[in-house]
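Just so it is clear, A, B, C and D label the chains in written order, and each chain counts residues from 1 on its own.
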Amino acid sequence: MRIGMVGLGRMGSNMVRRLLRHGHDCLVYDISERAVKDLVSQGARGAASLSDLVAGLAPPRAVWLMLPAALTGDTVAELLDLLEPGDTIIDGGNSYYRDDVDRAETAAARGVDYVDCGTSGGVWGLERGYCLMIGGPEAAVTRLTPIFAALAPGAAAAGRTPGRSGEPSPAEQGWLHCGPPGAGHFVKMVHNGIEYALMGAYAEGLNVIRNAGIGVADHVAADAETAPLRDPRYYAYDGIDLADVAEVWRRGSVIGSWLLDLTAQALLADPSLEQFSGQVSDSGEGRWTSIAAIEEGVPAPLLTSALYSRFASRGSDVFADKIQSAQRKEFGGHAERPVKGE
Amino acid sequence: MRIGMVGLGRMGSNMVRRLLRHGHDCLVYDISERAVKDLVSQGARGAASLSDLVAGLAPPRAVWLMLPAALTGDTVAELLDLLEPGDTIIDGGNSYYRDDVDRAETAAARGVDYVDCGTSGGVWGLERGYCLMIGGPEAAVTRLTPIFAALAPGAAAAGRTPGRSGEPSPAEQGWLHCGPPGAGHFVKMVHNGIEYALMGAYAEGLNVIRNAGIGVADHVAADAETAPLRDPRYYAYDGIDLADVAEVWRRGSVIGSWLLDLTAQALLADPSLEQFSGQVSDSGEGRWTSIAAIEEGVPAPLLTSALYSRFASRGSDVFADKIQSAQRKEFGGHAERPVKGE
Amino acid sequence: MRIGMVGLGRMGSNMVRRLLRHGHDCLVYDISERAVKDLVSQGARGAASLSDLVAGLAPPRAVWLMLPAALTGDTVAELLDLLEPGDTIIDGGNSYYRDDVDRAETAAARGVDYVDCGTSGGVWGLERGYCLMIGGPEAAVTRLTPIFAALAPGAAAAGRTPGRSGEPSPAEQGWLHCGPPGAGHFVKMVHNGIEYALMGAYAEGLNVIRNAGIGVADHVAADAETAPLRDPRYYAYDGIDLADVAEVWRRGSVIGSWLLDLTAQALLADPSLEQFSGQVSDSGEGRWTSIAAIEEGVPAPLLTSALYSRFASRGSDVFADKIQSAQRKEFGGHAERPVKGE
Amino acid sequence: MRIGMVGLGRMGSNMVRRLLRHGHDCLVYDISERAVKDLVSQGARGAASLSDLVAGLAPPRAVWLMLPAALTGDTVAELLDLLEPGDTIIDGGNSYYRDDVDRAETAAARGVDYVDCGTSGGVWGLERGYCLMIGGPEAAVTRLTPIFAALAPGAAAAGRTPGRSGEPSPAEQGWLHCGPPGAGHFVKMVHNGIEYALMGAYAEGLNVIRNAGIGVADHVAADAETAPLRDPRYYAYDGIDLADVAEVWRRGSVIGSWLLDLTAQALLADPSLEQFSGQVSDSGEGRWTSIAAIEEGVPAPLLTSALYSRFASRGSDVFADKIQSAQRKEFGGHAERPVKGE
């Protein structure tokens, strides 16, 4: 079917490529003319502006936005002035689901359907397909089925779950209509919240293994302020090969996963990870997941711990640490160890 | 090669079956005669006692123990009286790695090699193979290579990690010599610590989705002591299908894993999980992982949170909760909500 | 000075009593005529309606609201229609500081000063005085100094901090102008976030002591699914008297505090805390503190853990626990222990 | 009464001074002759060796050890060769309670009573008195009552708990016989575990306030990898005076405590805490408390979070952070921010 794509960054352009491969007719627009040209050379049709794009589509139109979250709102507003009742906007970016709720209301008032589509897959999506979590009106989602089916990985991407039978459902193909507007980005948000915790779990565990040699003489800190190791003989595992550990866990173990595959790959390429500083960014969804947990009154200690570890990795805990050093000095006369940079 | 297997529970007997399939000569013993007979009917040779088993093996012997942790120590002691220098004991159970360190010392004094082998794979291992994490003397591990290779899943069980080349290493086949005695169970211990956190991460995230409909009128608690929901309109996602969510995440997403596969399966079979009480057991490794993190001075907030959530699921937090209710009553005159059972 | 007080619940009426004792002229209003009468009998003047109250005050008026958070917004709106430029509204309730920011803008557009005042002290405030954390325009706060000084505990309520000299500052008297509108409730919010964690810290520690006798024979669970206690001899402290422990900590120790005083009191009165169910409520500030930490990118693992423990105490973790039981059954064939109620 | 004191560091010598003030006869020994002389000049009697000290006491002797934990074991062994049945050893240092259990057994076999005494009070104890948590045989503890009473702060150090009446109990005087050997250090251990969490709670909360101005223009990070602040207008509280905040909380609020007093003092003296690096030490008890919680199967998320934050403050989390940066690069092509030192 015909679809307009706005926003041709890495994600957007790869999604267009995947749609083209599946025979869809893509009309594309980006503020970068070069990005447009690049896709035109691969079979897409190009638009010179938003209005040009809308003009190039026939009603009922479908316009997919793949933009940085900060730009989506304005573009939706602009589009709503160009579209007609019956048309559909799909926001496939990383928007906060609350914006979807608000925008869908505005769009509905104009007769335009608003579909939010949380998209996982990153740089691997072009080949593997994208996992799509979708919110919005039933009819609009149904109308877009061919697009979702093309972008999704398809049923063969994973073994069938015992108990499933018949024609594979959309979920089994890698796309799911989760609920009303915002439900797609809500599920994608939680997906990312889980992702942070999975990443952190492997990281913590591997760090425990990396430090399993602290009982070996040279590693023991001679520091009156720090608890001495009680049984150094039980911490004699100096130099366990972490790349091999990650590798062996990939086969037959309970903790195999795609993230573990990537971890094994990274540790093989750079065992000491010297190229990294350890300042871990976070991009919104992890925060929003914890906020949702708090507002729902549902505990999410792992998801939030993973988030807080990222915050701390960027130094925002240092002042709190200093307060504790100050308290220790006040009540116990404890001198602090030499300064680390804030 | 020839190997003796002691302990024919679910794990032990399945491992014998897998070894038989690979053409190994298995001499088996268990206090249950029936368990022995069952495997004899499948091609193993049976022994009537530990000494009978030792007598039936030629030096250098290899005796694999697959026993509940509580029985392993006594059996090792008994075996050490029967074995000769050059023989090997392999503990494939869920022992604490510290016991390996101690037992390996005792065994070494008798000239016997002690190999610890953390074994992951559970009920699925017979078909999938077992992920083996091994500690002990180099020579003994080398001698046992055919056994490890047979039990492990093999290189084909996962795609090759980019950057790996040549003959697949043992880690790529699913078994790894991690280091000196105890190193195998240490790595297995951390593996389970990670497992708890992975499980908890999916569980927390799905619980956040399950409660995404609290803004819908009927769900809003009318309770002066509890914070009212500020924006109910953003929590209108009542009844998102969790089995479908787990299913869609299995394809193309960053959080795909074997645990997710199992989660999808469980939610499909029993969407409300009514057959479960929510009292989650823990079997030692998770505790030991957190203790290791503490003794190493390495933070493991996710791994420990996962453990603590299991403790709390069994009610051991209730007294701490009561203290807080009592404090609230003292300083604020807050009455508590109706009683739940301890 | 003259002040109007709206909202004569436990907090509001006690504050009026304290103001009367300090010689202030209080004009009071509540929807409960009885509450008004009660204070009139103690020296206040009564008003029959909001407009009656406004009429009874001379410009520049000061009207203090001490209302449930849910009612404050509407009352502010109503008041703004009655007040004149130069008047002041003080919100002394438990409002979300964001509402202060918004309401202060609206009020400023009418020429009315908006002051937010986080108030700690609970049922003890009448005698001890109230700790006041204040936000709003400098001039309005200055104008209200006599009121704040009367409500606050005064400098004598705590020993002087070494390094402080001269006339005691407002902070030393127990009230503080923290910053622009909302700053008072922001600081009060964090105060409550800290309070939750202090409460939880004592509760967890006392629970660890309460369970220090698990090594004593009768307490050891015979459960194959749960890790056996490795060294029961180190857990022989059955029946340590928790009321006495809390009591002894009150003298000379580093952890003495008012909350500990209350804890000692509660444990003395009811050592097993049988009257409590352990369902701990939370009233907003703890949630908002964690949300602020998340939005600031600042880790607050203790504050959020304390909050999550309260959530879990009310059963909202049970579904997540069930998922983990289900996962365990899938991969390991682990049966669960008998059902507890959800 | 007469008592021997071994170990005249800051704690030991101050305790002797307090005992002398209360009229007790102190025979003191330390490897530092100067420390002995110093106390002799203040009224103590000096001993030149352990055996000299034992010789200078009449049976039943009481020898109090106030030594670094690493030296206590050897000194106890040496003393046991010098003492007679009926004598008592008191360990007032920071020993692991498990060592008490073991040493008490050895001592009991020689007819010597072993008393463990957890001691809180630090540099303030000389004037304020020491909070004493005691384990060991009833008779020995009773015999030592005059010593404990002299060291403890006394009943007047805190207001009487409502419900207490009659002669103040030992707990009300600041000393408590908690149970059998090790119980004293167990309760002291948990006391310190709680202390870490109380410190961390104030630190986290104050850090949230310190960052409440991130919405002010200059503070907003321009970083595509980090979530932008959604509502900067709600984070306009730049420069709230933390020393004043801590000060105001000291009066009338629920979170007043001795630790808060010290925090107020530290923030007044050095508002930005520039003299501190933020590397927070830990000295054993905090670790052991978490280990006890884990072995008991009792959740202690706050106590352990406080401990882990201290670990992280010393950089032991950096490798785990690097793993997450590496994972992000693998699956999303995310570049990391510039390097911070490990």
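Definition applied: contacts are C-beta pairs under 8 Å (C-beta built on N, C-alpha and C of every residue); 3 or more make two chains touch, one makes a residue touch a chain.
Protein names from UniProt, one per chain: A, B, C, D = Phosphogluconate dehydrogenase (NAD(+)-dependent, decarboxylating).
The structure presented is a predicted model; accordingly, all values stated were derived computationally and were not measured.
Trainee: Give me the C-alpha superposition rotation for subunit A onto subunit B, in degrees, nearest 5.
Mentor: 180
Trainee: When contacts are scored as defined above, which chain pair ends up with more C-beta pairs, A-C or C-D?
Mentor: C-D
Trainee: Select the chain at the greatest separation from subunit C, using centres from the mean of Cα atoms.
Mentor: Farthest by centroid: B.
Trainee: So subunit A and subunit D: same face meeting same face, with over half the numbers shared, or different?
Mentor: same
Trainee: When the centre of a chain is set as the mean of its C-alpha atoms, what distance in Å lies between subunit C and subunit D?
Mentor: The computed centroid separation for subunit C versus subunit D comes out at 28 Å.
Trainee: What is the distance, in whole Å, between the centres of subunit A and subunit D, each centre taken as the mean of its C-alpha atoms?
Mentor: Here the centre of subunit D sits 43 Å away from the centre of subunit A.
Trainee: Rounded to a whole Å, what is the gap between the Cα centroids of subunit A and subunit C?
Mentor: Here the centre of subunit C sits 37 Å away from the centre of subunit A.
Trainee: Quick check on subunit B: which residues sit in contact with 2+ other chains?
Mentor: If we look for residues of subunit B contacting two or more partner chains, we find 122, 200, 202, 204, 206-207, 211, 226-227, 230, 254, 258-259, 265, 282, 287, 295-301, 305, 308-309, 312, 314, 316-317, 320, 331.
Trainee: Taking the touch rule as given, give the residues of subunit A at its contact with subunit D in the complex, in rising order.
Mentor: 10, 68, 70, 96, 122-124, 199-200, 202-204, 206-207, 210-211, 223-228, 230, 258-259, 262-263, 265-267, 270, 273, 276-284, 287, 301, 309-310, 312-334, 336-342
Trainee: Quick check: in the complex, which residue numbers of subunit D touch subunit C?
Mentor: 97-98, 101, 120-122, 125, 128-133, 152-155, 157-159, 161-164, 169-176, 178-180, 182-183, 186-187, 190-191, 193-195, 197-198, 200-202, 204-209, 211-212, 214, 226-227, 229-231, 233-237, 239-241, 244-245, 247-261, 264-265, 268-269, 289, 292-293, 295-303, 305-306, 308-309
Trainee: Within the complex, which stretch of subunit C touches subunit A?
Mentor: Result: residues 254, 282, 287, 290-291, 294-301, 304-305, 307-309, 311-312, 314, 316-317, 320, 331 of subunit C touch subunit A.
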